[in-house]
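Going by the order they are written in, the chains are A, B, C and D; count residues from 1 in each one.
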């Protein structure tokens, strides 16, 4: 991916000449189109695109370029979004007990694989405090055992105060209330420890063990008010056999969870995803 | 696997000394234990084993060896089964319209990968007749559009007349009635075109497309009266993305189906499977 | 993929405005750009693209459209190629002894997965005659045990007479001479039964067994004068373990070979590949 | 795996009655055979087995049981090894610059997935000091830029002083001298960042990129004097395509490396591996 420049995501009703129009706008001001991904949903008649634009040789300022695009964007009936690079997305990580997903996010962030800035780690238990704090991150313990609703209001105040753009549920074992799903629509990413839509709800590894499946998995998805049914970003599976107990499945599943969540976040913060009804378009890297 | 000799499958309540007892019986008569697989279900307290025995140097006849084992078998409270090798399992293949699974079975049978003898191909449509007949196999068309029950009775008469041990549903699009599931318990293998338990029932690829999953799959399982819920023998998955239509998923899924079904049949006819409640123990090769 | 219309493949030195220019040309004559794939090799400074164009609403004739493109194609210093759809590529399949790859090609061709027309099957042994002939295809036996060079000249005459565009080596166990590699540059596809570049040359499964690898594989690649070193189109792997003999690896490897070859051919005949030095750009589906 | 008890690994020339003899010995003293894995190399005529024995109900002391086994062990011409559980293997981790493998080992050790005790982290650079020290582990910097031989002698003194049983090369970028390979035969595990035997030596990702492979990988193997040719314990692969630069391959490869190394160490410390010439028998879990 580009280090500096612009990413443009756009979707609109399908119509002739879209690629020419959009690429033409970029060329007109001598932006260099480094990457162009496009997809047309023929059933739904909708066009989706993602452009990486090297702006270093442009004949107009970046902000003028962005502003000027709105004429075309409106003309084609589109929804679009520009991202200025370099960019680090302000991200809160919500956890409960297990730290493997948190650990993975922090490690990949340190490596530069994930262009995010973790604003804080928020837990409804104390278990992950140490992992957060030794990374130099604030850890907020929110008590949720009595009044969940109050807990979520407290979380939302933290998110607002810390100017959080993305919320990652890194094995956060509470159901996010409807109002919060709506406030952060398309901005809450969850890792579910099953191969959705199989084994929705609690204890998926136990259910997988009892059903005798030969593959277990994990699913990274956007959170919506419809539990475990939001648009899927990424899925991973691992082979299991009769020798594996439910406990072994938990162990093997952790690796799926870490991998699927890390990929899902990366796709999101690199603006590679566009939500399209119940599905997510993912322009992979 | 052994070309000649015996395969012994046994399961019984777990108890000390089982391996020594069973292997000791084989050693006593100078059978050569070529392969020994064992599994103990600690939760359920049950022991499962599979032995490949080279009988060429035995000091007793094979039939005496088999008969004599029953004393020990009963003493440990076991269920057991001996298979004399070489062996080809008499197998009927039931089909409807698509021939990819049938084609795969026939090709692997010809290669010697599947120690089966296909007795006939039975279809509720005519579509697969040519594939069967050019392989030199009888094809029986059973009309099922009006009276399904009569159709299944006719199928069962064919199975009996042809002395069929195993029934393979190779994309056979009819629900097998309860009485037939019971008659052929543990002897009907189906390929389901989804990653069970997701997308049970009809049109799984369409459902997978609409749900926006990133992996599709196929499941080979034993058929029970509980639709699509029998013990799973093998599963395969393939990656999909937003560019794939439901039609593409059908195409990619075919490869999962062929592979999972072929492996499932192979495990069964090599006596590598033991049904254990809702699950199947599979001693892989 | 489109059923009717045009596919354009083009590669040229990278320069600003390429996407706009090319898409603009299509839009100018009201072609509908159904799919657009683009890749820029930043190291080499080269641009590669593949376009699927629905020509049904175009304001000019297809041939005029194609002819007219050459002005732009030359202006950008490009190499380009138009394909009129529907299209079936005339393809000869060369075999020796084993028929699993041939069988796979024929089955997928019948299904419509591979838009090819198999002109004939050519073997330096008789083993695959039956598989070819029962499919209604001519089988040519070319004797190569004495004078290989004469054999290849005979093959080339057949290819010319049958107006063959693509040559598939479906486990053809002879080394194609340099002159033939040059004549059919970028038009001979081979399946190598190893995970190239490991185990180049003969007996890769034996070598893999002796080396004790935990994964075996197969590689589909373009044939060049440099043995087993041509551009790779697709690779598949399968897990093996100590229990697998070299013979088992042959069996498991067959599935990798079938799958990798089928995908490789499909990518080629759908004009999804562009050879770029020692590598192949593959715009996957 | 068992929490308490014994693991027995044995290999010997193949001969009739081995399973009965070994299991019989365990049964005689009322050891409970929880898991029994066996493999016979038919080509080489050698028998390999691994037993997990619950000793809680045994009629003799564990040390007597172990001592007494030597009569049988010698009688069958075997090499054998008993491990008393619970056990944590004293392990030194050698590193250079990158910390992803080290991080993985430490995280899994904390979780209890790896029954090891990391004695220290030894680096020929300072880069990994912080990761080690914040875990509370001693970090030793050994200067190797001038006199490598002196560096390795220093390392060996550390290993001896810390009573190290296993040495893990976690992306340690120095070639271990012959004498050290011999001293620690079967006790040095390396992670190589390629799909061995492809791309032996330095810069495998660059080589993989230039060769245009479609899958990259990592290999966990025992270190011998023969560079990158020791017995392979585990391998992982990841799909790549033309869009991935050599730099992307490094990123994707890291995940293969972490996974293959972690599995390889786990198999070793659970006594699941037996070296057999150039290959490793791995009784998987």
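Following the convention adopted for this analysis, a residue touches a chain if its C-beta (ideal position, glycine included) is under 8 Å from a C-beta of that chain, and two chains touch if they have at least 3 such contacts.
Molecules present, by chain and UniProt name: A, B, C, D = Formyltetrahydrofolate deformylase.
Only a predicted model underlies this, so the values are computations on that prediction, with no experimental measurement involved.
Among the pairs A-C and B-C, the greater number of C-beta contacts is found at A-C.
Interface note: chain A and chain B, two copies of one sequence, contact each other through mostly matching residue numbers (shared numbers exceed half of all numbers used). Rounded to a whole number, the gap between the C-alpha centres of chain A and chain B is 41 angstrom. Remark: chain B and chain C have CA centroids separated by 36 Å (rounded to whole angstrom). Shared contact sites, meaning residues of chain C that touch two or more other chains, fall at 243.
The touch graph of these protein chains is complete, with an edge between every pair of chains.
On the chain C side of its complex with chain A, the touching residues are 16-21, 23-24, 26-28, 30, 32-36, 38, 40, 57.
Within the complex formed with chain C, the chain D residues making contact are 39, 42-43, 195-199, 210-215, 217, 231-235, 237, 241-243, 245, 276, 278-282, 284. The touching residues of chain C, when paired with chain B in their complex, are 100, 103, 107, 111, 113, 134, 243, 248, 251, 255, 259, 285.
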